């Protein structure tokens, strides 16, 4: 077990898979130089220009080209640099990558991984801080991965690369420097299984991606105040671990979903709705969501702080929920 | 009051506003010829080439150009032809149109209407039948209009054109031939007010856009079986009429949300979650959603029929809900 | 492709006859489909390429089975010329279980991966990045296959055209871009929405060498494509073929194309590729009966396919839930 | 813009001195910002254009206040040259309440609509469609203003470049496209990712006439821009100015640009536009003290702005909820 940063964990996972399978390759801007965050450091030397393809600023081609290359049997890792730029490649992602397998009746195998470092990035403002993972849960044909720890990032990336499905992989860019243990040999982590981050009987907190460390911290603070939270880090949003959430909620009766994304239209709504449908309103005592208000991410620190979900907001919401 | 088709109602509304305000203009493919559905029939003759701009197949320019023209004080109607093609203009829509006002601290006035005929279009398959309105409820900065009747289409389009906000206007393309009354002078219909389509005390059905006529039909069938549905056509999803839904649900205790979009990640989840947050689980007896399963829209009639929400599915869900 | 009995005239004659056969099959397929659509047998939108068959035939005759193509919304001709199975195509248009896409795609998403036809596309220019990427994948795998990418003159005003050509040159990819220039995009004359000297100038400015050809002369298309394909196979990187042509029918099967200039339509009917090649073959001494036989065969093949499709089983509704994804697939209940 | 005391040499001399002043102000603004960023006073990413000032200054001196510009992620120079207020810019970088964008945008979204600066942009090529549309709007309104659209050499590989130029020609729009070609896009040499002969060839193929100019020679930029602007104002449609230059600093303020060839950097420092214009003015007899005065003034202006920004109030958190939209705005609670 090595203690490494999250970005290094991701690098090790991709490295392991590229060594294992010569059909895996990377395309994106500046990847030859190691990628914007060093996710591909050293890859050019080891794998050469044909597998580490530094591209022009041509997002439609980066996405569509990755798809085309998958259709002839390679396994591209499509690096989007920053999530927000995928807006320049949405036809290729939503109308093509997500649909070819179905439209062509199973003939196509769009085995791509689309890496999109996402989330609020300290003072980078509205065009570099979006958190729209919920959109893709609404798009049939894709897997949505939202890891939060080095080990989960590594294990889920291995699964993503081996999967025949297109996997949208949301690297939590604000957590890249966070450290944790990663095994020598990285085993795949199956999609759709939550990580039980904390045990508790007072309320269930469901979370993912950048907010996980803050929710864990909130859990510790709540414990000091005598509130025991059961914390689930979903790790993937499609498929997602409905069983684990339902089981926890069955024990606690109270559900808080906390995510960095805007609350309105976020995946928290889906989780709440599913639980009410599944357990019935009588199956729970109280429900709440914590997320960003429906406002673009501002630049100035006091404005960003005012809007973004954090430990204090999670603690406050949990306390209010338990009191109900 | 004239009895007209929905597409004609939309034409009359745009016509009235273009006659009123010389800064209103239209850009999009084939609009000089009247638009793909005749929404702009006769406009070229009346308003000329500078206000009825038939464009190349350049969706990024259609959207971004409309935005630029708004920033200098015109009021463009951006015609996307078919919703699905907006995927070719998502950077311009999500990163630019929706954000300029905020990013620039209020200096910009992105007063555009983006018209996107959406929804399942009989046997047009996965790339011409998407229903992703919920995505845009998640994007701060935009209004989301989803009318279903000729009168509402006309009145909301008038509001959209007069609004300083960017309004995403989802023309229900499958309902274009539906007829209804439209007044001689079309008054604006305010955003955020539901239409109370049917009164009932057994359950609340919330719906919008293409599914409205089917839900109304379901309401009539349910009445024959002794179930009285309270039906709300939301008409806009952002802002949306939370008050009306809460009031209805307070009376009925049972909530069914029915939309054409995929259920997972659809706006139905948001509505359910809001109601549970607002009324508490104790404030309701049962909840359910009807939508398309998380599957792309297929081409063949029996496959499309198997997946798409319809009268029978709404009736079945309502009956099951009332029985709970 | 149907090859006739041996005739005098050698290889070239045989090649022309094969081209003729391919075009007749495309024409017959689409006329049959049009009739079936009119009769209500085919649901949804249908885009036919009547008058443009020379391009598909002339290009694809230079491709191997392990080469790939991508197409646009008007893909029947490309698919047939690449060797796609007719019954699978016709059943797909009819939405039947035996369609290449199991009835999930229809005309606009026709595909037959078994012969390298990677799919039609409902988004203008949508096939360009896919074609370029497929070529990059093939190169990475060390294959010597190439990719032909068909698109219309309307597609050259969309961004992916620029991104795709630039990219193909950078990585020296084996792609033949084929611009089928029929002068129109939906209901708009492309000349009215295309600035500058046009596709060849754009292509050259992006570093892609081009040839222009009369797309209604299938033999000329064949010759030009064969030159370009040879260069591509030799590793020279991408090439573009600009083929001017004319679509005699409307944008979709229900568009009467009343907006067309009748004189232009009349002229186009004179210039259309099947009649032109027929005249040449007749002038070269091929017996009329032989050509009539090819046409008749094609028509018979397609009307049999229509009949078969009409009585073929509909897909079981349960398969609507299949082919979405492996992880997180939802099931019917 | 600061204009000095009257000197011999007439109009042209005054014009050069004004250019010099603009460049000095841009340089001083950015060096001040860099220092402030290093000192932790400015949050977030900061892209400076040190070495590229000649382009912004030379182009914008030909614009009227009612003309518009759009910019990219590297917009300080464009904004200043267009006349944006310095304190509003500096406060914006500092995230203070008095920033042009009330602290909501920061460096990457600097904008001052009051002088026609329609915004920097965090998306490469994002400003191109906006500029073209602004020109179309102005034309519709019957105004005779024009729009200058600044973008880097990295932007010409994105689709909107093609769509925007094509469109501007079609509708004969008053747009001056300005490609600031500094040879690099982030950490990639643009020559390695740009196929064909480059931006001028692409532009001409799209029907946009061009001029190429040494972007480090502010006077040459001014002259070229003045010709193109005159043509645009005369109704000739869009034009493109291709200005080669060199950015001496890294991609962002925290990029040491260690990947740069030291020889190239040394040469660039020789060729940088402020030193060049200074040498010319000195040779033409302008007293060194006069030029030193301009520089000193600029530095003083900017360090005052820094100090003022540092002690300026932060935005009230409550305004975070403002400026989203009129209908459906959410409120703080």
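Think of it as A, B, C and D in the order they're written, each chain with its own count starting at 1.
Here is the rule we go by: contacts are C-beta pairs under 8 Å (C-beta built on N, C-alpha and C of every residue); 3 or more make two chains touch, one makes a residue touch a chain.
This one's a predicted model, so the numbers in the text were calculated from it and none came from an experiment.
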Winner on C-beta contact pairs when A-D is weighed against A-C: A-C
Chain whose Cα centroid lies at the greatest distance from that of chain D: C
Distance between chain centroids, defined by C-alpha means - chain C, chain D (Å): 47
Averaged-CA centre spacing for the pair chain D and chain A, given as whole angstrom: 36
Computed distance of Cα centres, chain C from chain A, in Å: 40
Geometric centre distance via CA averages, chain B-chain A, whole Å: 30
Junction residues of chain D - those touching two or more other chains: 99, 101, 103-105, 109, 121-123, 157-160, 163, 166-167, 170, 192-194, 324, 328
Touching two or more other chains - residues of chain B: 55-56, 58, 60, 84-85, 87-88, 91, 95, 102-103, 125-127, 140-141, 238, 294-296, 298
Contact set on chain B toward chain C in their complex: 29-30, 32-33, 36, 54-60, 84-85, 87-88, 122-128, 293-296, 298-307
Residue ranges of chain D in contact with chain C within the complex: 157-163, 165-170, 192-197, 201-202, 204-208
Chain B - residues contacting chain A, complex: 84-85, 87-88, 90-91, 93-95, 98-99, 102-103, 125-127, 130, 132, 134-135, 137-141, 238, 261-262, 264-270, 272-274, 276-277, 280-289, 294-296, 298, 324
Footprint of chain A on chain D - complex, ascending: 43-45, 95-96, 99, 101, 103-106, 108-109, 121-125, 154-155, 157-159, 185-188, 192-194, 259, 314-321, 324, 328, 330, 332
Chain A residues within the chain C interface of the complex: 23, 25, 50-51, 53, 55-56, 58, 60-61, 63-74, 76, 91-92, 95-96, 100-108, 140-143, 163-166, 191-192, 238-239
